[in-house]
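Chain IDs A, B and C follow the sequence of writing; residue 1 opens each chain.
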Amino acid sequence: MNKENRAWQWSAHTVLILFSAACVLPFLLLVISSVTDENAIVQNGYTFFPDKFGLQAYDYLRQQSSLIFHAYGITVLITVVGTTASLLITSLLAYPLSRRDLPGGTALAFILFFTLLFNGGLVPTYLIYTQLFHIKNTLLALIVPGLLMNGFNVLLMRTFFMTTVPVPVLESASMDGAGEFKMYYKIVLPLSLPILATVGLFQGLAYWNDWNNGLIYVTDPKLFSLQNVLNRIMSDIQFLASNSSMSSHASDAIAKLPSETFRMAIAVIGVIPILIAYPFFQKYFVKGMTIGAVKG
Amino acid sequence: MNHSHNRFGRKLRKFGPLYLMMIPGLIYLAINNYLPMFGLSIAFKDINYRKGIWGSDWIGLKNFEYLFKTSDAYLITRNTILYNVAFIIIGLVVAVGVAILLNEIKNKIASRLYQSLIILPFLISMVLVSYLVYAMLSIDNGFVNKTILPALGLDPISWYNEPKYWPYILVFVNVWKGAGYACIVYLAAIIGIDPEYYEAATLDGASKWQQIRKITIPLISPVIIMLTLLGIGRIFYSDFGLFYQVPMNSGALFDTTNVIDTYVFRGLMQLGDIGMSSAAGFYQSLVGFILVLLSNYIVRKINRENALF
Amino acid sequence: MKKSLMGVSALLISTMLFASACSSGGNDSAGSASNAGASSKPTEKSVELTVAFPIFGAVPKDMQVVQDEINKITQEKINATVKLMPIGFGDWQQQTNLMLTSNEKLDLMAVFGTSYSNMVAKGQLVPLDEQLEENGQGIKSALEPDYLNAAKINGNVYAVPTIRDLAVDYGILMRKDLLDKNNIDAASVKTLDDVERVLKTVKGSDANFTPLIPGAVGMTLREGYVVYDDLGDSIGVLPDFDNGLKVVNLYETQEYADFVKRMHNWYKAGYILKDAATNKTTQFDLIKANKGFAYMSRQKPGFETVESKSNGQPMVAAELLPPVATTSSVTSIMWGVPVNSVNPDKATAFLNLLFSDKDVINLLDWGVEGKDYVKKSDGVIDFPEGVDASNSGYNLNMGWLFGNQFLSYVFNGDDPDLWTKMDEFNKSARKSKALGFIFDVTPVKTEYAAVSNVITQYKLPIEMGSVDPDKILPEFISKLKSAGIDKIIAAKQQQLNEWAKANSVQ
């Protein structure tokens, strides 16, 4: 028995170390590239052991530091507010849907699921949000459209509530006179910490990495999030790559384009804060309150 | 009459709070998803802005023609479906496997470290992934051609001109990038399993492998089924970045890298026709929708509890 | 219960839809009403014009200052103010499209040749003929009639081309150090044979050095050497800018076959960057890193100086093809008044200033005098003390975008006579027989999407020489045919014939 356990431990570690290495090495390459000398990259390509290091990319970022810090602030704000609101709305919808006895539950689940496959498209969504709700150039524009609640997350949470929250527990609580809100708050949520952490993580990442809302609904540079600032640079690059007829006019702009090392640096400064915040989510990634405790 | 009224009242008292809870979410769905659905009509219209979306002329299925009236129609449909099937199956096996192993790890620090590392690829945008792949596969400077192949005594390969390698490359990149994400979901499901099951099984002398097969997999199967059904729903869609950026838009690779999304993008780049792009989206959604209804029906037949709706 | 819930939600949705339809309708009147209310002068209200244009990179710090300075002038001259709305180039297409569709306030915008005919077909631009007569005399006198007429669609001008290099000549740009080292006289390079000779010499015996690189990211070698009128998109072209107005399939012409064959020979000989077909590094970075010697591209007067600066080293240009003006070269950058405009008269009046007012132009091109630039001598300017490109508050450097570039100052280092030479270049350029013809793709959209796909598949590898045309070119042509290229060409021919008849072009 013990032997079997040890064998499992060993093989699990081996597989996971290999898998982690496959994930971390390319990222390392990215970090190293961001501090490689620009000409060295063009000459020799990306390498783990560059001939020459250089901090040109970060110098450029430092020149823009006030802009970037402001954008960091916006990103943190929308991520915190958005994720919190989103977790609340998502779980409030997911819990009733997880109740098999809810009349109309199946139809509602279908209505929810339908949104995962069909959408009206960008232009109609834009019309609704700007003409009906006037959110252009507001913070709400960065939080609400498309991101606030995702049908996928609701279905995910619903599935978890169905499997991890035993019906008898809810029934006995109901017998004891607990209202639905109380049961949601006192039983369902504490039992579901891992899935709340998971959905919270997904939502947090979605907000942190989102540039689409900023691109569509925001023209005021004061409201640009970090990804908006960074993505504008990337989209200029993409534009020039697909519109080579502009090249004779835009010589000056092309020459000023941030180099490949800079693009790597962009990724690094976007990802580092996530890595710092990540352990916070992991804390909730342990077993939630045990069912026994609730029963008792 | 009175009797049924009473029953309704009781039901309302019982379920009223539950409906109340759903209101914010349902309002959001109405605004964010259902109101803009009038846009689905764009797929059937010849949009002229002077007339507006409502006023533009209906043109039937004309916007859909370009998706079928091409010799590439078979190729892009085949590629899209095959890639998605591979992604669903391989992605599932890898993610569930890694999640199970992660759960087995006793050392908490190591477990957390692995968890943080495997999500890294998910955080890098596809454009940058394409640079990293290029760093590996570039003709002159790529790691593979410069280091690995010479070490094995093989000739360099012109990766961006050889379509036959790309199914493997793209599946690898997709699994590498997405496995961490899916793995977290499965891990959350495994963590939610009541430890009593395992304790009982261990007492009965069940091996680890048996425990995984008889306890873990069945108990996380609702999540597996849900994610798979959603994967099937998007079987006509593909990650544009993966198929456009990663192969560097190299024409020589189109046989194995062209999918519906890239075809539509390349076809409409100059035209910029909103009707035709809506048509493509509508077509993709419709096929996925039908397939999900079918699969959900089958799941329902087998086990009602696991059906999505 | 189930049914009623569905019913309620359906009802909810339909009412909200109705509300949205009403409110979007009502919004317009509210917008114009508030505009009317904003007036303070009793005689004529001052209008605020929203002016959108694309920029590269971040919004300049001094944008607001420039706007204020412009408004001092416009307030006085046309009794209007402007609100400048710079949008990133990469986001331009999407953002302007959304603004146009949702009827947001927008009075004047830059229009690019690639989307021009689409915008007109979709009814997004105001016809300008009468406007130009009333409010745009400055434009009419600054822009040669042939060039203004090049923007006509069905007899109407919907956008005005900016005054810059309106014709195009193609040539090769080479590193001076390597020319000197190999004793090559750039003036002797006049044909592709000459280029081949030079590449051979420069390459020498260095197996790893590939002298020729793409003229831009994603640009093929053939696109840097164009011997036909592309009629908008290179799908159906006029060889030698005339061909008796007979449209032909570019990829079936002998010239094309010869050219790609030559490129393949160059590629095999090691003259062309190995991964040219997938290259994503800019020409400047490649040159700076000593990964190349020369590239072929569009040129214009002053090109050598500009590119030398961008490449960080002296470059020498040699012209391979003389300048020709085509619809594409003229209409590539224009300005138009969107149908969203609340006041097309004032919008045109401001556009007129962009073509006739030196002060407005120089504010947009170079910023505020004394702050962003100082005058050196007559017509030549430079950065003030302690300011350079990296810390300047306004250094868009996009004179070609804002109206009449010939009214702008010349930056120190460029030829002081640059604009005279450019004017001469435009006037002396040969004019394509189809100058003024704009193809409307609407009737053949389906085929167009398929053909576009085939072209992206084959264009880069075949035109960069990396594949053997003997094998690939027939395959390319047959796929184009099955995608329906002949139908597009026939449609183009028909439209061209009609255009020729309407404009009495023989």
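Operating definition for what follows: a contact is a pair of C-beta atoms (placed from the backbone, for glycine too) under 8 Å apart; a residue touches a chain by one contact, two chains touch by 3 or more.
Which protein is which chain? UniProt says A = Carbohydrate ABC transporter permease; B = Sugar ABC transporter permease; C = Extracellular solute-binding protein.
It should be emphasised that the depicted structure is a prediction, and the values quoted were computed from it without experimental measurement.
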(request) Just grab the chain with the largest centre-to-centre distance to chain A, centres being mean Cα coordinates. (result) C
(request) By the contact definition above, name the pair with the higher C-beta contact count: A-B or B-C. (result) A-B
(request) Averaged over CA atoms, how far is the centre of chain B from the centre of chain C? Could you give it in whole Å? (result) 38
(request) Could you put a whole-Å number on the gap between the CA centroids of chain A and chain B? (result) 16
(request) Would you pick out the residues of chain B that each touch at least 2 other chains? (result) 11, 26, 31, 34-35, 38, 53, 134, 138, 140, 269
(message) I need the residues of chain A touching at least two other chains; which ones are they?
(response) 103, 106-108, 111, 123, 127-128, 132, 234, 238, 242, 260
(request) Hunt down the residues of chain C that sit against at least two other chains at once, touch-wise. (result) 1, 9, 20, 97, 101, 114, 280
(message) So in the complex, the part of chain C that touches chain B is made up of which residues?
(response) 1, 9, 12-13, 16-17, 20-21, 93, 97, 100-101, 114-115, 118, 122-124, 233, 274-275, 277-278, 280, 339, 441, 445-450, 452-453, 456-461, 466-467, 479, 482-484
(request) Over in the complex, which chain A residues touch chain C? Could you list them? (result) 38-39, 42-43, 63-64, 67, 103-104, 106-108, 111, 122-123, 126-128, 130-132, 215-216, 219, 221, 229, 232-245, 247-257, 259-260
(message) Show me the residue ranges of chain A that touch chain B in the complex, using the header's touch definition.
(response) 4-5, 8-9, 11-13, 15-17, 19-20, 22-24, 26-27, 29-30, 33, 44-47, 88-90, 92-93, 95-97, 99, 102-103, 106-121, 123-125, 127-128, 132-133, 144-146, 148-149, 151-152, 154-156, 159-160, 162-164, 179-181, 184, 192, 194-195, 197-198, 201-202, 205, 209, 234, 238, 242, 260, 263-264, 267, 270-271, 274-275, 278-279, 282, 285-288, 290-292
(message) Help me check something: in the complex, which residues belonging to chain B touch chain C?
(response) 11, 26, 30-31, 34-35, 38, 47-51, 53-54, 62, 65-66, 69-72, 134, 138-140, 160-161, 248-252, 254, 258, 263-264, 266-273, 276
(request) In the complex, go through chain C and note every residue touching chain A. (result) 1-2, 5-6, 9, 19-20, 23-24, 27, 56-59, 85, 87-92, 94-95, 97-98, 101-102, 104, 114, 164-165, 215-219, 223, 280-286, 288-291, 297-300, 303, 306-307, 309-311, 328, 332-333, 389-390, 397-398, 400-401
